[in-house]
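Here chain A shows up in two complexes: once beside chain B, once beside chain C.
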Partner chain A sequence: MNQLPTQSWTAKWHLKTIIIVLILCGLLIKSAQICEINGSALSQNFSQFFDLLKKMSHPQWSYGEIVLQPIIETIKMAIIGTTLGAICALPLCIFAARNIITNRFITSSIRFILNIIRTIPDLMLAAVFVAIVGIGPLAGIFTLAVFSFGMIAKLFYEAIETIDNGPLEALEAAGANKVQIIVFAVLPQVMNNFISYFLYTLEINVRASTVLGYLGAGGIGVYLQRSLDSYNYQQTAIIILAILVVVLIIDGLSNYLREKLL
Partner chain B sequence: MTTSIISIQDVSKIYANGTIGLSHINLDIAAGEFVVIVGLSGAGKSTLLRTINRMHSISSGDILINGQSIRHYQGQKLRVLRRNIGMIFQNFNLVEHSTVQRNVLSGRIGYYSTWRSILNFFSKADKQKAVQALQRVNLAEKLYTRADQLSGGQQQRVAIARALMQNPQIILADEPIASLDPLTTTAVMNDLKRLNQELGITVLVNLHSVPIAQKFADRIVGLRAGKLVYDKPIEQVQADDFQQIYESTPASSEVRA
Partner chain C sequence: MKKATTKTQLNWFITIIILLLIYWFSFQGINFSGIKDSAGQVLQAIIHGIVHPEWKYVYDGSGEDLVSLLIQTLAIAFLGTFISALLSVPFAFWAARSNHELAGHPRSNSGKIILTVVRTFPEIVLAIMFIKAVGPGSFAGVLAVSIHSIGMLGKLFSEAIENMDQRANEALVSVGGNSLQVLFLATLPTIMPEFLSYTLYRFEIAVRSASILGMVGAGGIGTPLLFAIQTRNWSRMGIILIGIIIMVTLIDWFSGILRKKLA
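Then we have the complex of A and B:
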């Protein structure tokens, strides 16, 4: 009875893992060929990169004052947009979580809608909203709101699906209704995740809004575009530094809050 | 027809995948009894407990609580039924990120409207009641501590305090000591026994341990493979009775007292 079981030779040599890795490598090489990825093109003109870096290495510090106003506008846009998106995502993500709503039809249809929303490119959203509400930060806010909504809802419902279901069962057994179970047992377990996902989306939105500026959706993007178009890389450097500062602040805030709340 | 608080009448439970959970169980439990249910893992102990508060529905037969059939309860009626039955779990099932106070108060939310509870409008009396419930399990000093800071035994006693908030007539305890060390095991079992004796709450406990069952029970019920194979008041329990419950050969004779 006390014999070691024999292992098949395929399991012994991890054949399955090796084959999967080989297939993945093959696919990678093949797709590189199809896309005509050419390493020499990158290395030949790599000096261009240093050229640009050299131009940017002397930031025009005085430009900082001019950038301050639009960067604040960008932050405002990002905060309002992300908040709007998060507020709309909160109730919806509960209906997409399979451990809360057992009806697969409801969860699947909400996930499908979310997939559609996430598929719409944010540049297209911006173009649409510029057409609707005109050039300015309002178009940017709506764009960011829709964009954050799709993203936050997905992150939130995935967070909800990882929670411990024990407390939910306990409250159900105590005679609580669905809403009470969500408020007393679900939200406390996911609040930390919600806050860090919210701040992460905020960070992405600050960076995304630089692109939205191209379409006239307000914020720092307008200035970035202007500096790049006029090859004024000393100004570009300042704008990138300003965005870096904002990203660092949000990251610090996120870490601080997570520590406080965990 | 009957004076029993719980009357399980020819109850069977067949799971969707065809597994038989319970098979023709008949069991009457009088108010104020302390009943321990023993049996192997998978014998149907958890299923039986969960049919009493309808966390599991049954396939056939009927269950009466206070003489009322609960088999088809739904919505508000079902919530009121569950409100009157406290439940204790092997894994405590506290919300670990919340304070002990909030965990204990959450046992009371079946008595509140949705709005009043989610806006945290708990009455002074209920907050006082939460303190008293904690005092009963000797944990009042942990009122504002987060639940995940407590040891396993303490968490289980907070869970008992939470169940007490329901003003339950019945407490169902599903393997309440399976995750605890011997010392805290005694504390938790003592708490359950005290609630039974001082407040007259009917207690049903699933256990693996026969010695602990013998120490605390008024009556021991044995399940094997979904069938009730043993049922005796504690005075009649013999040490070698348990072989038949824990015997692994299903062909052995089934005795009903």
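Then we have the complex of A and C:
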């Protein structure tokens, strides 16, 4: 029996594709309505945007010296915040790794808490910490510490779960207790990963800390807000350039170090 | 053997010195005594507010409630990701290096540098600039998401193009297809599943960032969130935070299922 394969009529008329496209179009139109976007406003807005760019194309270079201090403060905030977060994350991530703690209840509940911490937006943390400790870099440091805590803990326990079980079993067979196993079998295997993830988080934190100041949490963001509020776009241009340069340098440095480590 | 050990010891020594210097430098000039006396009380109030969220804010039909603002946030993320997915395609082809080109090809390198600069540029700063240009509101948020996402999507797309299966392309070339036909009938269908999967992934990230864009005035749930924090309305902040967490978790879960189907 030789028979040509027959297409069902849904496949013949590309019904599935058409339905998906229709759904997408519907969502797009609805989204555009919600966001109140229309064509005439679009063209008008774009001319305004180019006006802004024109104003920013003449940076006030002398402002660079004033910007230097806050941008260094931003990097300091990121370093201290990430370190605090990493120190807090280190003990917790061992309790979240399933190959070390076999109790599913403990690991699952710690993971659940970590997931919730990671969904809290960093700017919201900044605003809350400004309310708690007052305006200044300290609020930024706490924000970055909490933010990196959630992220580093997740990366760390995932690294711990991928380690080779051989050394663990060897130590257990020789009669080592849990602490000895962690110090002599787990940590040496994941140390390089830890440092690499630490650097990666630092990278993200430098990027995040540049805007925390916008809500009063110290660093370059304070100056960004000041220059924008006074419509001093020549200064804004310098600040944005400085942010870009610092982020690129930190990214490059951390990428270089991480490649060397792994 | 002995020489090697002294060398590693020296390396360790230098690393530790550098680290100590970095940390000593970092702690200079940061004032740790500036914590307000009321910090403990505020913290208590915040915890009380989160435990007792303001449930009637969830939906009151005024258009300024939690559900409608969360939908607005999703709309910003959706539109932004959609626009940036379209805009990323030309950038991806610009930055992708084809097999017969050498490593330092100027076209591919220039594209990669542009994508890196776009990617490293903080999204919030972009949003602030767009707010200054087009006024506060969701439109600025859409623009910020769509421009910022190009950096990451363009990079992922160009890597997908570089690693794609070339056989479909070669088949079409060998039967005499011109480059436009190769693009539409071989290249795009081959990389489409990966493109869609990356776009969905980026949508997850866009939802997270859209929920805070409002804190600088770019529409969505962020604006009432900042307002609630600044007026110390902790129970309202609690309900908004719960809303954001539920929304982000749902979107992650849903997009995870879709991406598994695509792969």
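To be clear about the criterion, the second predicted complex is superposed on the first by the 185 of 262 C-alpha atoms of A that agree within 3 Å, B and C clash if a C-alpha of one lies under 4 Å from a C-alpha of the other, contacts with A are read in each partner's own complex, and residues count from 1 in each chain.
Note that in this section contacts are C-beta pairs under 8 Å (C-beta built on N, C-alpha and C of every residue); 3 or more make two chains touch, one makes a residue touch a chain.
Nothing here was measured: the structure is a model prediction, and the numbers come from that model.
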**OP:** Could you say whether A:L4 touches chain B, chain C, both of them, or neither, answering first, second, both or neither?
**Re:** neither
Original post:
In the superposed arrangement, does A:E169 touch chain B (first), chain C (second), both or neither?
Top reply: first
Original post:
Between chain B (first) and chain C (second), which does A:A32 come into contact with in this model arrangement: first, second, both, or neither?
Top reply: second
Subject >> Touched partner set for A:P188, first chain B, second chain C, both or neither >> reply: first
Original post:
In the superposed arrangement, does A:R207 touch chain B (first), chain C (second), both or neither?
Top reply: second
**OP:** Report the residues of chain A in contact with chain C in the complex, numbered from low to high.
**Re:** 27-28, 30-32, 34-37, 41, 45, 48-49, 51-52, 73, 75-77, 79-80, 83, 115-116, 119-124, 127-128, 131-134, 136-138, 141, 207-208, 210-211, 214-215, 224, 228, 240, 243-244, 247-248, 251
Original post:
Considering the complex alone, what residue numbers of chain B touch chain A?
Top reply: 53, 55, 79-87, 89, 91-98, 102, 106-107, 109-110, 112, 114, 117-118, 159, 162-163, 166
**OP:** Going by the contact rule at the top, pick out the chain A residues touching chain B in the complex.
**Re:** 164, 166-167, 169-177, 179-180, 183-185, 188-189, 191-192
Original post:
Contact residues on chain C for chain A in the complex?
Top reply: 22-23, 25-32, 34-36, 39, 42-43, 46, 71-72, 74-76, 78-79, 82, 116-117, 120-122, 124-125, 128-130, 132-135, 137-139, 141-142, 208, 211-212, 215-216, 219, 222, 225-226, 229-230, 232, 237, 241, 244-245, 248-249
